[in-house]
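What follows is one structure encoded as structure tokens, with my remarks underneath.
Order of writing sets the labels: A, B, C and D. Residues in every chain begin at 1.
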């Protein structure tokens, strides 16, 4: 009983944490990047302010927009939030842990992606179509890389449940495995692509020739745009949390642990996320955006890395 | 009466004596009912032959009768799944040398359920449609009856009889609109592949029966084939059933035939007929060939299935015709099911019973889910064709405003096809991916690498399917109308809408309760996997201690999040939305007479990224841009094309070989009378020399 | 006079009468009436106890074929009644046409019923002469050439068959006394085990080449496509449906005799070789055909080849498959020829390109033809489907390598047939050259044949089944 | 029966004579000479049939002999001669295979016939066996002639020679039933073929007598 209560409590805390942290993370990365480019940069809280401003604005829809434009933002946001609720942050054994399947998370992200792409196509503008087509095409390369990368840690953990994976990798003493490192690299590449970050896409520009993600949002305004922005932030948080949970599971509170462990876990999580954010900022500052049709090569390389990781594991499990 | 061929080694078939009274009584309820339903379907063709288009009641009779029959199929299938397999029922007719028999075990019943569902939906839709001419009414019930007979066959002859009857009847439906040359071409290719399939299956049946000395399944199971015979059966069944199911590389007929048929027939062909072919494949390879086959048996299925999944998914992204697009998506889904079957076969060969049940469950569940959502999508395409007058994506658009119900249902179907949780497609593909993630347990490094590659490609296929579905929904239902005819579209009639809504509801329901369905399919899964599957209950389990998927909980969570977001935002953002002119980055559409259709993304435009990324290498896709130089007054042109690899690498060489051989054969015809005599003389002399040689030596 | 004799002589008597009737209407009706009587006679044969009646003998193998001959004779005469006018015969030719038709029917019945190999040979010769007359009747260069080809090739063929018959007797001569029964095939079969196998081999080679020419087996087939494509439209049905059966039946009798001596070179293998060559050559030859009747004539070669393959495999199942295939082919192919003949008369040409869109212009005929061609292509639920299925089963069980060429032949031929089906029946209709003749005389026989094919294919009555089982034991 | 007995010798000589005449048929370069050889062969056949009738004590063979004499030695050669004169066909034989080559082929065929008959020992009498070899040779040579000559009349001659071989075999088998009927029926066939050639030539269907040129009608529009 107590355990169930604790599980529900951690779950609620987790959701609150990630919802609060998501815009901060986006703001933080922006701030870091600005600092590295020698600018002062806006406060990390700026995304929160932007959201608040957008919510207060009256949303305008095109005359021929259908219900899709009104429903999709909610659906996309809800799907991302649901997915994020499943990825462990500071503690294992949350109430929804049995549900926290990696494939389901990928499915929910696909649902959000589909909602976004539908919005892009709803009004029938050229930019929307362009963005939607590119987004879905990139996904065709990202999904295989993600799945094969997942194969490595699913093999080690014996399950695709994130909670179990995190627990297994935390306790299993697998140590630093070259295959896991390769899989992590693949996951990072996928995360970059999925979040429309440099070098796949540039979240800071509306330059039409190169953009993917923002092109679909051109017709959104007011609270719809706010929802999309929040969704993007959630998605970034989700991917970083995913990588943290799988590849850097140390410090996370085990299932059934008490508040102290939670606090420690939280601390560890914040540190790890901050580290990843810093790495991302450095990476984005140091590299240029690539041409759209180079993206498959980028993701293909990730896929190859993931395959290599899996093959190494096959060999090592075959030997042992 | 002499006993039929009693001492023939092959055919010591039981005489057609009807079983004892008690046996008949025991078998009556399920199988007799099934036989009667099939018979009634056959009889429906009789009035259909006499009704022209002017007699609407004939069409209604045929479709209502088909609907009732399909509901009967469903009831019978569920009864057989829950109540266990009834004893085979000898038929009062049969081939000249023995008896035919009906049998319905769990495997057949599961596919009969799929047939019943797809058939009922299609018939309901057709009931609301204006009835076509007699030439599309007569074959329709025959088509359904042929499929049911294939599924309910208790021996190889009846199986092939139903299979070929199904092919022939559906050929008549594909050729229903035969005034157009492209439909004739499609029909011819379709029947050609069907004949090839029938021949391959007949050969496989012969090799099977040769070992067992009988044609009925019970006797065949007792003596499964071995050695080269088994391998030959594998190859022949793959070619035969694969050609009918749309397996790569024998899929070339599918994107042609499905669009040519009337929409409800396309739905049936895609939703049910390809499944019947898969049933035949499963029946031969899993059931009749016995459980003792080696692990590598799964490999060809897995490889071809995955290849089909990617190829179909990619082609679906490039096609410009709604029904062709859906047909290509069928190739993709059939590929996924085949891959799952291949995995099940491999797991079973390695004695990994639990994983085999996982993969077999994925195959069966996906067959059902695809049967429903593809039926839904084809019916929606039919509704669009009826309402907006075109199948071409570039002539449609913005139909969500005119056809809200159709659009909503189509979106649900597309969501399922794109494997979005919590819809039905995701559940079965989740099972497939889970079994792929566990495929490393097969042990052999070659198999492991193969399975990892398959995992990547299945992932790609799923994403490609999502892209294709987005393209379908986005261009057909969203945006603005592209032609005046499309702008004048209207919602379809009551019955058609009912069919669509029903199908959409089923898609949702199957997505939410896959565990219950899989439990219903339990006996069939056990039959395929050779091991008892776990009870799934409300969710899906990937095995002991492995991941689980609880779709109703996911749906609940999603709904909660949606509700919470909505409530929260209603507080924080109370302003009502306002309508204004489209922003479009500040671009103002040119003032054309009819709207601005050309500034919208086109079917080819949306396809561009994937065409360049994958199409150029896999499908030899080409783009030709003819851009006028500045100042030139002519219009620019853009043309994109691609070529399915099966055309240049399979069909064209075959056609060339046939033509060359026909040319050789033709030379004999140029012989003069004297030369013909000489030929006969040479034959005689040769034979004389032969016997002289044989007798002398 | 025993009924089998009546079955033979009634048509010949009728031929004498018809040769004397100059009026077209009367002649046509008399022809139908005589054929109907003949058909009744053949049906009456069922009641005749099997065994010998002088120089005829009824057994399970020839009984179904004789009845088939009676039925197809009747349906063809009905079809002919509606279509003979369009042939444009003068009185002399009309008389010759009807007389030759009845002579042919009597001769093929005799060829099947004869117990004596000599009588059988004479009957086949008469049938050949009658068919030459019928083919040549139009007197056009093409018809004359076809008839000449038929005459010369088949003339040589049956001469060789006679030689084979003589050698057969020579082989049996030491054991059989003087008298006509020395050529009775029942007697010969009983003696064959004691005969010299070398002579039997020799005899079989000559009989096979001789009667095989008549049966149209590749490479002895050259006369067949032209003969079936020229001449009046009605006779193609009997040429394809009956003449080939009678010839193949003669080969079977020879095989039964020779095969019962264990010392001979297995006659089945020779037959199998011819059958396979026919199946393959016909399959590929179909692809270049432009003439509808020639197309289906080539398909006849392929089907006789299939039957020969089945008989070559032998055994009960193989023989049953062959017998069913012969019957199914006769019924469905003559149904096709009825419809094609009707369409050709209507369109004024038998080129495939000239006949098109039958379903659009005449749905009943178009669908009838489509279904008949499908039946010929081996699609269910007709008899040829069952027989081909059984053949494939038997081939897989006995000679698995045979499956490859057999299936190639079957599939290639079936695809070609589907192509022609679509060109003839689907699409936009081609213009009519003359007003359509009475459709019922085409559709009636057509549907009767298809109905019989369906009945035999799926619902074979018990007594018939017993008959077929007994028949399958005869060729060995 | 053993070697050296009179019935055997005479039958053998007559059979040998027929084979020799068959070779002559192949060898002749002029149509008229071919027809003469054919008539001679018919005469020898009649003699052979009569001799067999005498030896076997089978009176019906005399009938066969009479028919053969009348039809094959007299009437048909006369008719063919008439045809040749009417159409002025008495030219050099047109061959598809040179005379020398066809002689070689003929020898090979005779060898084949002997080879085929050689293993036949059990049961069959020696007379019948030798006769069979001769008859088989005549049949094969007749057929060879049919396919190596372009001239329709010569093809008919080949057919007749073939048929002569048949009858030779038939009369040589002691006690062959229906021999008269069968030989008559075979003769009818030959007569009809001759008649058909006659008719076709009168109608001008054979522009020349080369049957190679009859093949104008492929029956399918090209």
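To be clear about the criterion, contacts are C-beta pairs under 8 Å (C-beta built on N, C-alpha and C of every residue); 3 or more make two chains touch, one makes a residue touch a chain.
Note that the coordinates shown come from a computational prediction; the quantities given were computed from them, not determined experimentally.
Each of B-C and B-D has its own count of C-beta contacts, and the greater count is at B-C. Chain centres here are means of the Cα atoms, and by that rule the chain farthest away from subunit C is A.
Note on chain placement: the centre of subunit A and the centre of subunit D lie 98 Å apart, centres being C-alpha means.
Inter-chain centre distance (subunit B to subunit C, centres taken as mean C-alpha positions): 42 Å. Subunit B and subunit D have Cα centroids separated by 67 Å.
We define each chain's centre as the mean of its Cα atoms; on that basis subunit A and subunit C are separated by 77 Å. Shared interface positions of subunit D, defined as residues touching 2 or more other chains, are 116, 119, 143, 146, 155, 214-215. Listed for subunit B are residues 669, 673, 677, 684, 688, 691, 695, each touching two or more other chains. Pairwise chain contacts in this structure: A-B, B-C, B-D, C-D. On the side of subunit B, the complex with subunit A involves touching residues 397-398, 400-401, 415, 418-421, 426, 430, 433-434, 437, 440, 443, 445, 448-449, 452-453, 455-460, 462-464, 466-467, 470-471, 473-475, 478-480, 542, 545-550, 553-554, 557-558, 561-562, 565-566, 569, 572-573, 575-585, 587, 599-601, 605-610, 612-614. Across the complex, subunit B is touched by residues 148-149, 152-153, 156-157, 160, 198, 201-202, 205-206, 208-209, 213, 219-220, 222-223, 225, 265, 270, 281, 284-288, 315-317, 320, 324, 359-360, 363, 367, 374, 377-381, 383, 385-390, 392-397, 400, 403, 407, 410-412, 414-415, 418-419, 422, 426-428, 456-460, 462-463, 465-466, 468-470, 472 of subunit C. Residues 55-68, 70, 74-75, 77-79, 81-82, 85, 96, 98-99, 101-104, 107-108, 110-111, 113-114, 117-118, 120-130, 132-134, 136-137, 139-148, 150-151, 154-155, 158-161, 164, 208, 218-219, 222-223, 226-227, 292-293, 296, 303, 306-307, 310-311, 313-315, 317-318 of subunit A touch subunit B in their complex.
Those residues of subunit B that touch subunit D in the shared complex are 669, 672-675, 677-678, 681, 684-685, 688-689, 691-692, 695-696.
Taken in their complex, subunit D has these residues touching subunit B: 96, 109, 112-113, 115-116, 118-119, 140, 143-144, 146-147, 150, 155, 211-212, 214-215, 218.
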